[in-house]
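Consider the two complexes below, in which subunit A is the common component and subunit B and subunit C are the respective partners.
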Partner chain A sequence: MRTYEVFLKREGKDEFRHAGSLDAATPELALVLARENYARRAEGRLMWVVDRADILTADESFLAPNVDRPHRHNDGALVAARRRAQRESS
Partner chain B sequence: MSTRTWHDLGDPGDLDGFVAFLAEGGIVEPGDPMPDEYRREVFRFIELHANSELMGGLTERDWIPKAPGLRRKMAIIAKTQDEIGHAHLLYMVASDMGVKTRDQMLTDLFAGRSRFHNVFHYAAVTWADQVAIAYLVDAAALISQQAVLKVCSYGPYRRILKRIVAEEGFHMRHGEEMLLTFAEGTEIQRRMFQEALDRWWLPALQLFGPDSKPDDELITFRIKSEPNEVLRDRWVQKYAPLLTGYGFTVPDPDLRHDPDTGRWEIGEIDWSHLKATLANAGPDSARRIGDAARHWADTAWVRDALERTSARAA
Partner chain C sequence: MKLGAPERAVLLAFADDEHLMGQRHTEWIGVAPFLEEDLAFSSIAQDELGHAVALYELVGGHDTEIDAYAFGRDRSAWRSCWLVEQPCTDWAAALVRHWLYDTAEWLRWEALSGSADERVRAVAERALQEERYHRRHADALLDALVGDEEADRRIGEALDHLLPLAVALFDAGQEASGADVTVVGPPLVELVNPWRAEVDRRFGPRPWSSVEPPAGHDRAVRSQHFDEVHDRMREVISLDPTATW
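Presenting the complex of A and B:
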């Protein structure tokens, strides 16, 4: 038995979304079980079923360098303050 | 909803910090560190839910050959598939918590070492019982599950509950439709449903459990959002008037409608029945567990074939 993750996409809507997981003996049975467990009422028109072991997982330390990058954001506060200053001086 | 993760808070042994994290809407995912108490309590809750869906689905299946007419047979087949499906999804979520494997959970269940909801410890005597179950029990399950979904702090459970709650809604409406057939039926049909109601009112009412303790850990851990007595009362306020409105008698001599408050007040509840079911000693517990275990053994060849196919594919 292998564990699979199931993703569904509704037609014309959203992105592929994680639906859940299941255990199956073969990839073919994984597809059948995914359909019968997660798409019984046409919850998706497209389905991805992925062996959990095939998912590349990045841990926190790998993602950490991008947590603190304020220069990649601009919340507009500085712009707003300068705009205000401009208005008041004119 | 908080965007912080429990990782940011660090120490999984810091129970107070963890509870504060949950209180501000924190969501826990399977790989996250979590206090042992949380893992244990949430796992127990999900395992109980999974077992109940499975035992409920098996009862449902018993009635497929006996359901009157093709349309109802098809509806009940769909419901059976839903309930077994719910069990499947919940066992996946529970086993990912790393407390017991799915095999261990099933072994414990069929050996009578685990719990499942009180309502599946009683015999469904006639087709009207199945209707009473679909109407009253699925409605009670729906009310409890909606209350969990409102706050549920465990990510995978929360996502699965959304689909379960949607499907329980189908079951309840299906139950109400069949109830209407009885209500509009002959004297014999009406009497048949009344007898089923006499058997199922109390078990359904007790599905919510006795009043919650003030320090209920499941409320602190944001699994339950409201105490048992509040959920039970919500069910009573909705179903007592519906049933009496259809001309049936709720089997509680003390039930009365208070014209001043507009509320339905019920009599004293005898909890001894619930206690018996919790010890797997309800009226039909032994038969149900025995049947489930026998079916599991009878279908071992399917699992063996799958295992062999799986080994060959690897």
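Presenting the complex of A and C:
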């Protein structure tokens, strides 16, 4: 058995979203079982089934250096203030 | 278009097959070999029950009380084949029957999909969409098992037991003789050869000359296993005929 991750896309502009996971003995079984386990009530119009081992993953240590970067969280307040000041002075 | 008695007999035999196949499949709820399969098999069972409802409506007209018809009929009015009355308590047998039955079912729906009666045609076309998936499901499971020593042995034993019952399915019964081919397609017996070819392709060539229907097989006669499944599916309605569920 291998573990597969199931993604569904609804009709329209929604992106594919993670629906759940399942265990299956073969890729074909993963596909047919995913259909019944996650899409039998027409939850999606398109489905991706991906072997979990094929997903590239990054752990916390890989992502941690990005946590403490307040300067990358720009709420735009500073730029807005400068634009306002410029408008008023012109 | 009004259906005549022989055409209704063809559809009733199919409806009773679908009903009992669905009932028998539901026995795997909670006890299939793994969780994902548990859900998939029960869902397929529901599809078969849905086909039975559609066929019962064709047989009896849209004002038919389906529950009364499906659960309240006298046992002498049933026309199921014995294959679907079998318990199949071993998963290998349940899986092999799933494949054998659905392959036959596919051919039956194909025969009905060319019907001159548009209601029959509409039911068949919808069912074929579901059957395409049912067959893929059965094949995927068998593909995963074939080649494993224990699986091959158990599948072989199941085939030995079930093939005689499965060939008997293709006898539609006396009441169906003379049914209009433009309405219900070619006689059921003519589908046995294409079905055998499919079985040979899936499981290897079988010695068909020695595969005979079980003695006394007749859609008008109930097999020894009928009462057990019939009693079980009537458990609620027997307790309270007015129950809704």
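Keep in mind that, in the parts below, the second predicted complex is superposed on the first by the 74 of 90 C-alpha atoms of A that agree within 3 Å, B and C clash if a C-alpha of one lies under 4 Å from a C-alpha of the other, contacts with A are read in each partner's own complex, and residues count from 1 in each chain.
FYI, contacts are C-beta pairs under 8 Å (C-beta built on N, C-alpha and C of every residue); 3 or more make two chains touch, one makes a residue touch a chain.
Fair warning: this is a prediction, and the values are worked out from it, not measured in the lab.
S.K.: Using the superposition on chain A described above, determine whether A:2 touches subunit B (first), subunit C (second), both, or neither.
M.R.: After superposing on A, A:2 lies in contact with subunit B but is clear of subunit C.
S.K.: Tell me which partner A:46 touches in the superposition: subunit B (first), subunit C (second), both or neither.
M.R.: Touch status of A:46: no partner.
S.K.: Based on the superposed arrangement, let me know which partner A:21 touches: subunit B (first), subunit C (second), both, or neither?
M.R.: Only subunit B is touched by A:21; subunit C is not.
S.K.: Just checking: does A:60 make contact with subunit B only, subunit C only, both, or neither of them? Give me first, second, both or neither.
M.R.: first
S.K.: Could you tell me if A:37 is touching subunit B, subunit C, both of them or neither one (first, second, both, neither)?
M.R.: both
S.K.: Which of the two partners, first being subunit B and second being subunit C, lies in contact with A:29: first, second, both, or neither?
M.R.: both
S.K.: Would you please give the residues of subunit A that touch subunit B in one complex and also touch subunit C in the other complex?
M.R.: Correct list for subunit A: 1, 22-23, 25-26, 29, 36-37, 40.
S.K.: Spell out the residues on subunit A that touch subunit B in their complex, using ranges where they run on.
M.R.: Per the stated touch rule, the residues are 1-2, 18, 20-23, 25-27, 29, 36-38, 40, 43, 60.
S.K.: Quick one: in the complex, what on subunit A touches subunit C?
M.R.: Of all residues in subunit A, those touching subunit C are 1, 22-26, 28-29, 31-33, 35-37, 40.
S.K.: Which stretch or stretches of subunit C touch subunit A in the complex?
M.R.: Residues 34-37, 39-40, 43-44, 133, 136-137, 140-141, 143-144 of subunit C touch subunit A in their complex.
S.K.: Would you mind writing out the residues of subunit B in touch with subunit A in their complex?
M.R.: Subunit B reaches subunit A through residues 7, 81-82, 85, 88-89, 92-93, 96, 102, 156, 159-160, 163, 306-307, 309-310, 313.
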